[in-house]
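Letters A, B, C and D mark the chains as written, and numbering starts fresh at 1 in each.
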(Lines give C-alpha, C1' and ligand atoms only; values in the text may rest on other atoms or scores of the structure.)
Protein backbone atom coordinates (compact mmCIF):
# COMPACT_ATOMS: atom_id res chain seq x y z
CA UNK A 1 0.00 0.00 0.00
CA UNK A 2 1.34 3.38 -0.91
CA UNK A 3 0.41 6.50 1.06
CA UNK A 4 0.72 10.18 0.26
CA UNK A 5 4.03 11.36 1.67
CA UNK A 6 2.66 14.84 2.38
CA UNK A 7 -0.89 15.21 3.60
CA UNK A 8 -3.43 16.95 5.79
CA UNK A 9 -5.86 14.51 7.29
CA UNK A 10 -8.69 14.15 9.77
CA UNK A 11 -7.54 10.59 10.54
CA UNK A 12 -5.35 9.48 13.43
CA UNK A 13 -1.73 9.78 12.35
CA UNK A 14 0.13 6.58 11.48
CA UNK A 15 3.86 7.06 12.02
CA UNK A 16 4.71 3.54 10.85
CA UNK A 17 3.18 4.28 7.46
CA UNK A 18 5.30 7.42 7.14
CA UNK A 19 8.44 5.54 8.15
CA UNK A 20 7.68 2.88 5.55
CA UNK A 21 7.18 5.53 2.89
CA UNK A 22 10.46 7.36 3.46
CA UNK A 23 12.41 4.18 3.91
CA UNK A 24 11.43 2.76 0.55
CA UNK A 25 12.07 6.13 -1.09
CA UNK A 26 15.69 6.18 0.07
CA UNK A 27 16.19 2.50 -0.66
CA UNK A 28 15.50 3.22 -4.28
CA UNK A 29 18.80 5.12 -4.37
CA UNK A 30 22.25 3.63 -4.34
CA UNK A 31 23.30 3.80 -0.69
CA UNK A 32 20.14 2.64 1.01
CA UNK A 33 18.54 3.89 4.20
CA UNK A 34 20.80 3.80 7.24
CA UNK A 35 18.87 6.11 9.55
CA UNK A 36 15.26 7.07 10.07
CA UNK A 37 14.26 9.81 12.46
CA UNK A 38 10.76 10.80 13.38
CA UNK A 39 8.90 13.52 15.18
CA UNK A 40 5.46 13.44 16.76
CA UNK A 41 3.87 16.60 18.11
CA UNK A 42 1.28 15.83 20.76
CA UNK A 43 -1.45 17.86 22.40
CA UNK A 44 -0.26 18.81 25.89
CA UNK A 45 -2.50 19.35 28.84
CA UNK A 46 -0.89 22.56 30.00
CA UNK A 47 -0.04 25.73 28.11
CA UNK A 48 0.97 29.08 29.58
CA UNK A 49 -0.53 28.07 32.92
CA UNK A 50 -3.87 27.12 31.38
CA UNK A 51 -5.35 23.64 31.64
CA UNK A 52 -6.06 22.62 28.06
CA UNK A 53 -9.23 20.60 27.35
CA UNK A 54 -8.79 20.01 23.62
CA UNK A 55 -7.36 21.64 20.51
CA UNK A 56 -8.99 22.21 17.17
CA UNK A 57 -6.78 22.40 14.09
CA UNK A 58 -7.86 24.00 10.84
CA UNK A 59 -5.92 24.05 7.56
CA UNK A 60 -6.10 25.69 4.19
CA UNK A 61 -5.51 22.25 2.82
CA UNK A 62 -4.39 22.75 -0.80
CA UNK A 63 -1.90 25.45 0.20
CA UNK A 64 -0.78 23.40 3.20
CA UNK A 65 0.09 20.45 0.97
CA UNK A 66 1.89 22.72 -1.51
CA UNK A 67 3.81 24.21 1.38
CA UNK A 68 4.81 20.74 2.60
CA UNK A 69 6.10 20.17 -0.94
CA UNK A 70 8.08 23.39 -0.76
CA UNK A 71 9.61 22.30 2.54
CA UNK A 72 10.44 18.87 1.10
CA UNK A 73 12.16 20.63 -1.81
CA UNK A 74 14.15 22.81 0.59
CA UNK A 75 15.24 19.66 2.40
CA UNK A 76 16.32 18.01 -0.85
CA UNK A 77 18.34 21.10 -1.63
CA UNK A 78 20.14 21.07 1.75
CA UNK A 79 20.32 17.30 2.30
CA UNK A 80 20.15 15.67 -1.14
CA UNK A 81 20.11 12.12 0.20
CA UNK A 82 17.27 12.69 2.68
CA UNK A 83 13.59 11.92 2.18
CA UNK A 84 10.76 13.21 4.36
CA UNK A 85 7.10 12.50 4.91
CA UNK A 86 4.72 14.76 6.83
CA UNK A 87 1.13 14.25 7.88
CA UNK A 88 -0.69 16.96 9.80
CA UNK A 89 -4.00 16.29 11.43
CA UNK A 90 -6.98 18.67 11.48
CA UNK A 91 -10.17 18.68 13.49
CA UNK A 92 -10.64 18.31 17.23
CA UNK A 93 -7.79 16.59 19.08
CA UNK A 94 -7.76 15.33 22.64
CA UNK A 95 -4.86 15.60 25.08
CA UNK A 96 -2.11 13.16 24.10
CA UNK A 97 -3.15 12.85 20.48
CA UNK A 98 -0.63 13.57 17.71
CA UNK A 99 -1.20 16.68 15.63
CA UNK A 100 1.80 16.24 13.35
CA UNK A 101 3.96 13.28 12.36
CA UNK A 102 7.21 13.55 10.44
CA UNK A 103 9.56 10.81 9.25
CA UNK A 104 12.95 11.47 7.67
CA UNK A 105 15.20 8.86 6.13
CA UNK A 106 18.76 9.14 4.91
CA UNK A 107 21.77 6.94 4.41
CA UNK A 108 23.34 8.64 7.45
CA UNK A 109 22.04 9.77 10.79
CA UNK A 110 23.22 13.37 10.88
CA UNK A 111 21.18 14.18 7.78
CA UNK A 112 18.12 12.29 9.01
CA UNK A 113 18.10 14.25 12.29
CA UNK A 114 18.66 17.57 10.54
CA UNK A 115 15.98 16.98 7.90
CA UNK A 116 13.39 16.00 10.53
CA UNK A 117 14.13 18.99 12.74
CA UNK A 118 14.18 21.36 9.78
CA UNK A 119 10.77 20.05 8.68
CA UNK A 120 9.03 20.79 11.99
CA UNK A 121 10.65 24.22 12.28
CA UNK A 122 9.51 25.18 8.78
CA UNK A 123 6.04 23.73 9.32
CA UNK A 124 5.58 26.01 12.29
CA UNK A 125 6.77 28.98 10.26
CA UNK A 126 4.95 28.73 6.96
CA UNK A 127 2.29 26.01 6.71
CA UNK A 128 -1.26 27.47 6.75
CA UNK A 129 -2.59 25.54 9.71
CA UNK A 130 -4.12 27.14 12.77
CA UNK A 131 -5.06 25.86 16.17
CA UNK A 132 -7.70 26.91 18.64
CA UNK A 133 -7.09 26.05 22.25
CA UNK A 134 -10.08 25.20 24.43
CA UNK A 135 -9.08 25.63 28.05
CA UNK A 136 -10.78 25.84 31.43
CA UNK A 137 -12.66 29.09 31.06
CA UNK A 138 -12.63 29.82 27.36
CA UNK A 139 -10.93 29.36 24.03
CA UNK A 140 -8.31 31.20 22.01
CA UNK A 141 -6.79 31.00 18.55
CA UNK A 142 -3.06 30.46 18.92
CA UNK A 143 -1.26 32.72 16.47
CA UNK A 144 2.40 32.11 15.83
CA UNK A 145 4.37 33.27 12.81
CA UNK A 146 3.33 35.41 9.87
CA UNK A 147 3.65 32.89 7.07
CA UNK A 148 6.16 34.07 4.48
CA UNK A 149 7.89 31.27 2.60
CA UNK A 150 10.31 33.75 1.04
CA UNK A 151 11.56 35.10 4.38
CA UNK A 152 15.22 34.13 4.17
CA UNK A 153 15.86 34.91 7.84
CA UNK A 154 13.14 32.49 8.98
CA UNK A 155 14.50 29.79 6.70
CA UNK A 156 17.99 30.38 8.04
CA UNK A 157 16.69 30.16 11.60
CA UNK A 158 15.12 26.77 10.86
CA UNK A 159 18.38 25.63 9.30
CA UNK A 160 20.34 26.78 12.33
CA UNK A 161 18.06 24.85 14.67
CA UNK A 162 18.31 21.76 12.48
CA UNK A 163 22.07 21.82 12.12
CA UNK A 164 24.31 20.65 14.84
CA UNK B 1 1.40 -3.97 28.55
CA UNK B 2 4.60 -2.56 29.95
CA UNK B 3 7.94 -3.14 28.23
CA UNK B 4 11.51 -2.70 29.40
CA UNK B 5 12.59 0.80 28.45
CA UNK B 6 16.22 -0.29 27.97
CA UNK B 7 16.93 -3.67 26.45
CA UNK B 8 19.04 -5.88 24.23
CA UNK B 9 16.91 -8.28 22.26
CA UNK B 10 16.96 -10.87 19.50
CA UNK B 11 13.43 -9.86 18.48
CA UNK B 12 12.46 -7.45 15.72
CA UNK B 13 12.40 -3.95 17.16
CA UNK B 14 9.02 -2.37 17.88
CA UNK B 15 9.30 1.41 17.74
CA UNK B 16 5.64 1.94 18.62
CA UNK B 17 6.15 0.12 21.92
CA UNK B 18 9.12 2.38 22.74
CA UNK B 19 7.12 5.49 21.84
CA UNK B 20 4.30 4.33 24.09
CA UNK B 21 6.72 3.71 26.93
CA UNK B 22 8.36 7.14 26.87
CA UNK B 23 5.11 8.93 26.28
CA UNK B 24 3.45 7.54 29.36
CA UNK B 25 6.59 8.21 31.39
CA UNK B 26 6.51 11.92 30.59
CA UNK B 27 2.74 12.14 30.96
CA UNK B 28 3.16 11.12 34.55
CA UNK B 29 4.81 14.48 35.17
CA UNK B 30 3.08 17.81 35.30
CA UNK B 31 3.55 19.26 31.82
CA UNK B 32 2.79 16.22 29.71
CA UNK B 33 4.45 15.02 26.53
CA UNK B 34 4.49 17.57 23.72
CA UNK B 35 7.13 16.03 21.49
CA UNK B 36 8.37 12.54 20.74
CA UNK B 37 11.38 11.94 18.55
CA UNK B 38 12.68 8.62 17.41
CA UNK B 39 15.69 7.10 15.72
CA UNK B 40 15.98 3.83 13.84
CA UNK B 41 19.36 2.56 12.66
CA UNK B 42 19.00 0.22 9.71
CA UNK B 43 21.37 -2.22 8.04
CA UNK B 44 22.55 -0.62 4.80
CA UNK B 45 23.50 -2.53 1.71
CA UNK B 46 26.69 -0.63 1.04
CA UNK B 47 29.61 0.20 3.30
CA UNK B 48 33.00 1.55 2.25
CA UNK B 49 32.40 0.33 -1.29
CA UNK B 50 31.54 -3.20 -0.15
CA UNK B 51 28.21 -4.85 -0.91
CA UNK B 52 26.92 -5.98 2.47
CA UNK B 53 25.06 -9.29 2.68
CA UNK B 54 24.10 -9.25 6.35
CA UNK B 55 25.33 -8.05 9.74
CA UNK B 56 25.71 -9.95 12.96
CA UNK B 57 25.43 -8.04 16.23
CA UNK B 58 26.79 -9.34 19.51
CA UNK B 59 26.40 -7.75 22.94
CA UNK B 60 27.75 -8.15 26.43
CA UNK B 61 24.16 -7.92 27.49
CA UNK B 62 24.24 -7.13 31.22
CA UNK B 63 26.85 -4.42 30.74
CA UNK B 64 25.02 -3.12 27.66
CA UNK B 65 21.82 -2.65 29.66
CA UNK B 66 23.73 -1.00 32.50
CA UNK B 67 25.34 1.30 29.98
CA UNK B 68 21.95 2.21 28.52
CA UNK B 69 20.96 3.11 32.09
CA UNK B 70 24.04 5.28 32.42
CA UNK B 71 23.16 7.07 29.17
CA UNK B 72 19.57 7.54 30.34
CA UNK B 73 20.93 9.07 33.56
CA UNK B 74 23.20 11.40 31.58
CA UNK B 75 20.14 12.48 29.58
CA UNK B 76 18.13 13.15 32.73
CA UNK B 77 21.00 15.24 34.01
CA UNK B 78 21.15 17.37 30.83
CA UNK B 79 17.45 17.38 29.91
CA UNK B 80 15.52 16.79 33.14
CA UNK B 81 12.12 16.67 31.46
CA UNK B 82 13.13 14.13 28.80
CA UNK B 83 12.56 10.38 28.88
CA UNK B 84 14.24 7.86 26.59
CA UNK B 85 13.82 4.23 25.63
CA UNK B 86 16.41 2.19 23.74
CA UNK B 87 16.24 -1.30 22.31
CA UNK B 88 19.22 -2.77 20.49
CA UNK B 89 18.92 -5.92 18.50
CA UNK B 90 21.50 -8.71 18.42
CA UNK B 91 21.92 -11.70 16.14
CA UNK B 92 21.94 -11.83 12.35
CA UNK B 93 20.21 -8.91 10.61
CA UNK B 94 19.29 -8.63 6.95
CA UNK B 95 19.59 -5.47 4.84
CA UNK B 96 16.90 -2.97 5.82
CA UNK B 97 16.31 -4.38 9.30
CA UNK B 98 16.60 -2.11 12.32
CA UNK B 99 19.53 -2.70 14.65
CA UNK B 100 18.68 0.02 17.14
CA UNK B 101 15.50 1.89 18.03
CA UNK B 102 15.37 4.95 20.27
CA UNK B 103 12.40 7.02 21.38
CA UNK B 104 12.68 10.27 23.33
CA UNK B 105 9.79 12.20 24.80
CA UNK B 106 9.71 15.62 26.38
CA UNK B 107 7.27 18.45 26.95
CA UNK B 108 9.15 20.40 24.25
CA UNK B 109 10.65 19.50 20.92
CA UNK B 110 14.16 20.90 21.30
CA UNK B 111 14.81 18.62 24.27
CA UNK B 112 13.27 15.59 22.56
CA UNK B 113 15.52 16.00 19.51
CA UNK B 114 18.61 16.58 21.63
CA UNK B 115 17.96 13.61 23.93
CA UNK B 116 17.41 11.25 21.00
CA UNK B 117 20.53 12.36 19.17
CA UNK B 118 22.61 12.26 22.35
CA UNK B 119 21.43 8.70 22.97
CA UNK B 120 22.58 7.34 19.61
CA UNK B 121 25.92 9.17 19.82
CA UNK B 122 26.62 7.75 23.28
CA UNK B 123 25.45 4.27 22.28
CA UNK B 124 28.03 4.24 19.52
CA UNK B 125 30.71 5.41 21.94
CA UNK B 126 30.28 3.25 25.00
CA UNK B 127 27.73 0.43 24.73
CA UNK B 128 29.42 -3.00 24.52
CA UNK B 129 27.86 -4.15 21.28
CA UNK B 130 29.83 -5.27 18.25
CA UNK B 131 28.97 -5.95 14.68
CA UNK B 132 30.40 -8.27 12.08
CA UNK B 133 29.85 -7.36 8.49
CA UNK B 134 29.41 -10.15 5.98
CA UNK B 135 30.10 -8.79 2.51
CA UNK B 136 30.74 -10.13 -0.97
CA UNK B 137 34.06 -11.84 -0.46
CA UNK B 138 34.44 -12.14 3.29
CA UNK B 139 33.56 -10.80 6.70
CA UNK B 140 35.03 -8.30 9.12
CA UNK B 141 34.40 -7.12 12.68
CA UNK B 142 33.65 -3.41 12.60
CA UNK B 143 35.55 -1.73 15.41
CA UNK B 144 34.62 1.80 16.34
CA UNK B 145 35.34 3.53 19.61
CA UNK B 146 37.29 2.34 22.65
CA UNK B 147 34.51 2.22 25.20
CA UNK B 148 35.27 4.53 28.10
CA UNK B 149 32.20 5.90 29.84
CA UNK B 150 34.35 8.29 31.88
CA UNK B 151 35.92 9.92 28.82
CA UNK B 152 34.68 13.49 29.27
CA UNK B 153 35.77 14.53 25.78
CA UNK B 154 33.66 11.81 24.17
CA UNK B 155 30.67 12.77 26.27
CA UNK B 156 31.14 16.40 25.33
CA UNK B 157 31.35 15.45 21.66
CA UNK B 158 28.01 13.62 21.92
CA UNK B 159 26.52 16.64 23.66
CA UNK B 160 27.82 18.97 20.96
CA UNK B 161 26.26 16.83 18.22
CA UNK B 162 22.97 16.67 20.11
CA UNK B 163 22.73 20.37 20.82
CA UNK B 164 21.65 22.77 18.21
CA UNK C 1 -14.80 41.27 -11.83
CA UNK C 2 -15.65 38.69 -9.23
CA UNK C 3 -13.31 36.84 -6.86
CA UNK C 4 -13.88 34.37 -4.07
CA UNK C 5 -12.36 35.08 -0.68
CA UNK C 6 -11.39 32.51 1.92
CA UNK C 7 -10.57 33.40 5.50
CA UNK C 8 -9.38 31.21 8.35
CA UNK C 9 -9.16 30.85 12.10
CA UNK C 10 -9.78 34.03 14.05
CA UNK C 11 -10.13 36.01 10.83
CA UNK C 12 -12.97 33.71 9.85
CA UNK C 13 -14.61 34.36 13.21
CA UNK C 14 -14.30 38.12 12.60
CA UNK C 15 -15.74 37.89 9.09
CA UNK C 16 -18.41 35.45 10.22
CA UNK C 17 -18.00 33.18 7.22
CA UNK C 18 -15.28 30.95 5.75
CA UNK C 19 -15.90 32.01 2.17
CA UNK C 20 -17.22 35.17 0.49
CA UNK C 21 -17.68 36.43 -3.05
CA UNK C 22 -16.69 40.02 -3.76
CA UNK C 23 -16.65 42.39 -6.74
CA UNK C 24 -13.40 44.25 -7.37
CA UNK C 25 -12.44 46.62 -10.20
CA UNK C 26 -10.42 45.23 -13.11
CA UNK C 27 -6.71 45.29 -12.23
CA UNK C 28 -7.33 45.41 -8.47
CA UNK C 29 -4.60 44.06 -6.22
CA UNK C 30 -4.83 41.71 -3.26
CA UNK C 31 -4.38 44.79 -1.08
CA UNK C 32 -7.39 46.53 -2.64
CA UNK C 33 -9.53 43.48 -1.87
CA UNK C 34 -8.18 43.38 1.68
CA UNK C 35 -8.85 47.08 2.25
CA UNK C 36 -12.44 46.50 1.17
CA UNK C 37 -12.79 43.69 3.70
CA UNK C 38 -11.35 45.82 6.49
CA UNK C 39 -13.89 48.53 5.62
CA UNK C 40 -16.62 45.92 6.01
CA UNK C 41 -15.12 44.18 9.06
CA UNK C 42 -13.04 46.73 10.97
CA UNK C 43 -11.73 44.14 13.48
CA UNK C 44 -9.87 42.48 10.59
CA UNK C 45 -7.65 45.57 10.48
CA UNK C 46 -5.71 44.20 13.44
CA UNK C 47 -4.05 41.78 10.99
CA UNK C 48 -2.59 44.54 8.80
CA UNK C 49 0.94 43.83 10.04
CA UNK C 50 0.80 40.06 10.31
CA UNK C 51 -1.32 38.91 7.37
CA UNK C 52 -0.32 36.51 4.61
CA UNK C 53 -2.24 36.05 1.39
CA UNK C 54 -2.56 33.39 -1.27
CA UNK C 55 -4.06 33.52 -4.74
CA UNK C 56 -5.27 30.29 -6.30
CA UNK C 57 -3.57 28.25 -3.55
CA UNK C 58 -0.14 29.84 -4.03
CA UNK C 59 1.35 32.35 -1.61
CA UNK C 60 1.05 35.84 -3.07
CA UNK C 61 2.15 39.38 -2.27
CA UNK C 62 -0.28 42.16 -1.38
CA UNK C 63 0.46 43.85 -4.70
CA UNK C 64 -0.38 40.78 -6.76
CA UNK C 65 -2.93 41.67 -9.43
CA UNK C 66 -6.22 39.81 -9.33
CA UNK C 67 -8.14 38.26 -12.20
CA UNK C 68 -11.76 37.34 -12.59
CA UNK C 69 -12.55 34.09 -10.79
CA UNK C 70 -9.44 34.07 -8.59
CA UNK C 71 -9.60 32.43 -5.18
CA UNK C 72 -7.92 34.73 -2.67
CA UNK C 73 -7.10 33.51 0.83
CA UNK C 74 -6.22 35.74 3.78
CA UNK C 75 -4.18 33.95 6.42
CA UNK C 76 -3.63 35.05 10.01
CA UNK C 77 -0.32 34.03 11.62
CA UNK C 78 0.02 30.24 11.47
CA UNK C 79 0.51 27.81 14.32
CA UNK C 80 0.87 24.33 12.92
CA UNK C 81 3.02 21.73 14.58
CA UNK C 82 2.81 20.66 18.19
CA UNK C 83 -0.15 21.05 20.45
CA UNK C 84 1.12 24.11 22.31
CA UNK C 85 3.97 26.58 22.37
CA UNK C 86 7.28 24.88 23.01
CA UNK C 87 9.96 26.69 24.96
CA UNK C 88 13.16 24.96 25.91
CA UNK C 89 13.94 23.35 29.25
CA UNK C 90 17.14 21.37 28.88
CA UNK C 91 20.73 22.47 28.72
CA UNK C 92 21.40 22.81 25.01
CA UNK C 93 22.77 26.27 25.20
CA UNK C 94 22.30 27.92 21.81
CA UNK C 95 18.69 27.07 21.01
CA UNK D 1 42.28 -17.42 43.10
CA UNK D 2 40.03 -18.15 40.17
CA UNK D 3 38.28 -15.69 37.85
CA UNK D 4 36.14 -16.15 34.78
CA UNK D 5 37.04 -14.28 31.63
CA UNK D 6 34.68 -13.23 28.88
CA UNK D 7 35.82 -12.00 25.49
CA UNK D 8 33.85 -10.67 22.57
CA UNK D 9 33.82 -10.11 18.84
CA UNK D 10 37.22 -10.36 17.17
CA UNK D 11 38.89 -10.89 20.52
CA UNK D 12 36.70 -13.94 21.00
CA UNK D 13 37.80 -15.20 17.58
CA UNK D 14 41.45 -14.74 18.59
CA UNK D 15 41.00 -16.52 21.91
CA UNK D 16 38.87 -19.23 20.32
CA UNK D 17 36.27 -19.22 23.10
CA UNK D 18 33.75 -16.80 24.58
CA UNK D 19 34.50 -17.71 28.17
CA UNK D 20 37.57 -18.98 30.03
CA UNK D 21 38.53 -19.73 33.63
CA UNK D 22 41.96 -18.59 34.78
CA UNK D 23 44.02 -18.68 37.99
CA UNK D 24 45.58 -15.39 39.10
CA UNK D 25 47.60 -14.57 42.23
CA UNK D 26 45.77 -12.93 45.13
CA UNK D 27 45.66 -9.16 44.63
CA UNK D 28 46.20 -9.41 40.86
CA UNK D 29 44.89 -6.56 38.75
CA UNK D 30 42.87 -6.66 35.55
CA UNK D 31 46.10 -5.81 33.74
CA UNK D 32 47.87 -8.83 35.19
CA UNK D 33 45.09 -11.09 33.92
CA UNK D 34 45.22 -9.42 30.49
CA UNK D 35 48.98 -9.78 30.25
CA UNK D 36 48.56 -13.49 30.93
CA UNK D 37 46.04 -13.77 28.10
CA UNK D 38 48.33 -11.93 25.69
CA UNK D 39 51.10 -14.37 26.59
CA UNK D 40 48.74 -17.22 25.68
CA UNK D 41 47.21 -15.52 22.62
CA UNK D 42 49.76 -13.11 21.17
CA UNK D 43 47.34 -11.71 18.55
CA UNK D 44 45.30 -10.26 21.41
CA UNK D 45 48.22 -7.90 22.06
CA UNK D 46 46.99 -5.75 19.16
CA UNK D 47 44.25 -4.50 21.50
CA UNK D 48 46.67 -3.09 24.08
CA UNK D 49 45.84 0.49 23.10
CA UNK D 50 42.12 0.15 22.43
CA UNK D 51 40.85 -2.30 25.03
CA UNK D 52 38.14 -1.74 27.62
CA UNK D 53 37.52 -3.97 30.60
CA UNK D 54 34.64 -4.72 32.93
CA UNK D 55 34.54 -6.53 36.27
CA UNK D 56 31.25 -8.08 37.37
CA UNK D 57 29.40 -6.24 34.59
CA UNK D 58 30.69 -2.80 35.53
CA UNK D 59 33.29 -0.93 33.52
CA UNK D 60 36.65 -1.16 35.29
CA UNK D 61 40.16 0.24 34.97
CA UNK D 62 43.17 -1.91 34.14
CA UNK D 63 44.51 -1.41 37.68
CA UNK D 64 41.29 -2.62 39.33
CA UNK D 65 42.10 -5.34 41.83
CA UNK D 66 40.49 -8.73 41.24
CA UNK D 67 38.80 -11.00 43.76
CA UNK D 68 38.10 -14.69 43.73
CA UNK D 69 35.11 -15.50 41.55
CA UNK D 70 35.09 -12.19 39.64
CA UNK D 71 33.81 -12.12 36.07
CA UNK D 72 36.20 -10.10 33.97
CA UNK D 73 35.27 -9.01 30.45
CA UNK D 74 37.70 -7.72 27.82
CA UNK D 75 36.03 -5.54 25.22
CA UNK D 76 37.42 -4.59 21.82
CA UNK D 77 36.32 -1.20 20.44
CA UNK D 78 32.53 -1.12 20.23
CA UNK D 79 30.35 -0.49 17.21
CA UNK D 80 26.74 -0.48 18.29
CA UNK D 81 24.15 1.64 16.60
CA UNK D 82 23.46 1.75 12.90
CA UNK D 83 24.25 -0.94 10.40
CA UNK D 84 27.39 0.68 9.00
CA UNK D 85 29.68 3.66 9.44
CA UNK D 86 27.81 6.91 8.96
CA UNK D 87 29.59 9.89 7.46
CA UNK D 88 27.73 13.07 6.63
CA UNK D 89 26.42 14.11 3.23
CA UNK D 90 24.20 17.15 3.71
CA UNK D 91 25.02 20.76 4.36
CA UNK D 92 24.97 21.05 8.11
CA UNK D 93 28.32 22.66 8.45
CA UNK D 94 29.68 21.95 11.90
CA UNK D 95 29.02 18.26 12.28
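Methods note: contacts are C-beta pairs under 8 Å (C-beta built on N, C-alpha and C of every residue); 3 or more make two chains touch, one makes a residue touch a chain.
Keep in mind that this is a model prediction, so the values were computed, not measured.
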{"item": "Clusters that remain linked by touching, subunit A excluded", "value": "one piece"}
{"item": "Graph distance between subunit B and subunit D, where chains that touch are linked", "value": "1"}
{"item": "Pair exhibiting more inter-chain C-beta contacts, A-C or B-C", "value": "A-C"}
{"item": "Between subunit B and subunit A, distance of the C-alpha-averaged centres to the nearest whole Å", "value": "23"}
{"item": "Chain centre separation (subunit A, subunit C; CA means) in Å", "value": "22"}
{"item": "Distance from subunit D to subunit A - Cα centre to Cα centre, in angstrom", "value": "44"}
{"item": "Where subunit A touches two or more other chains, by residue", "value": "34-35, 41-42, 44, 46, 107, 109-110, 120, 161-164"}
{"item": "Subunit D, residues touching no fewer than two other chains", "value": "82-84, 95"}
{"item": "Pairwise touch network: line, ring, star, complete, or other", "value": "other"}
{"item": "Which pairs of chains touch, using the document's own definition", "value": "A-B, A-C, A-D, B-C, B-D"}
{"item": "Contact footprint of subunit A on subunit D as seen in their complex", "value": "82-84, 86-95"}
{"item": "Interfacial residue positions of subunit A with respect to subunit C in the complex", "value": "41-44, 46-48, 52, 55, 57-60, 62-64, 66-67, 88, 93, 99-100, 120, 123-133, 141-150, 161"}
{"item": "Parts of subunit A lying in touch with subunit B, wherever the complex brings them together", "value": "15-16, 19, 23, 27, 30-42, 44-46, 95-96, 107, 109-110, 112-113, 116-117, 120, 160-164"}
{"item": "Residue numbers on subunit B that touch subunit C, as the complex places them", "value": "34-35, 78-82, 106-111, 114-115, 162-164"}
{"item": "For the subunit C and subunit A complex, residues of the former touching the latter", "value": "6, 8-10, 13, 50-52, 54, 57-59, 73, 75-85, 95"}
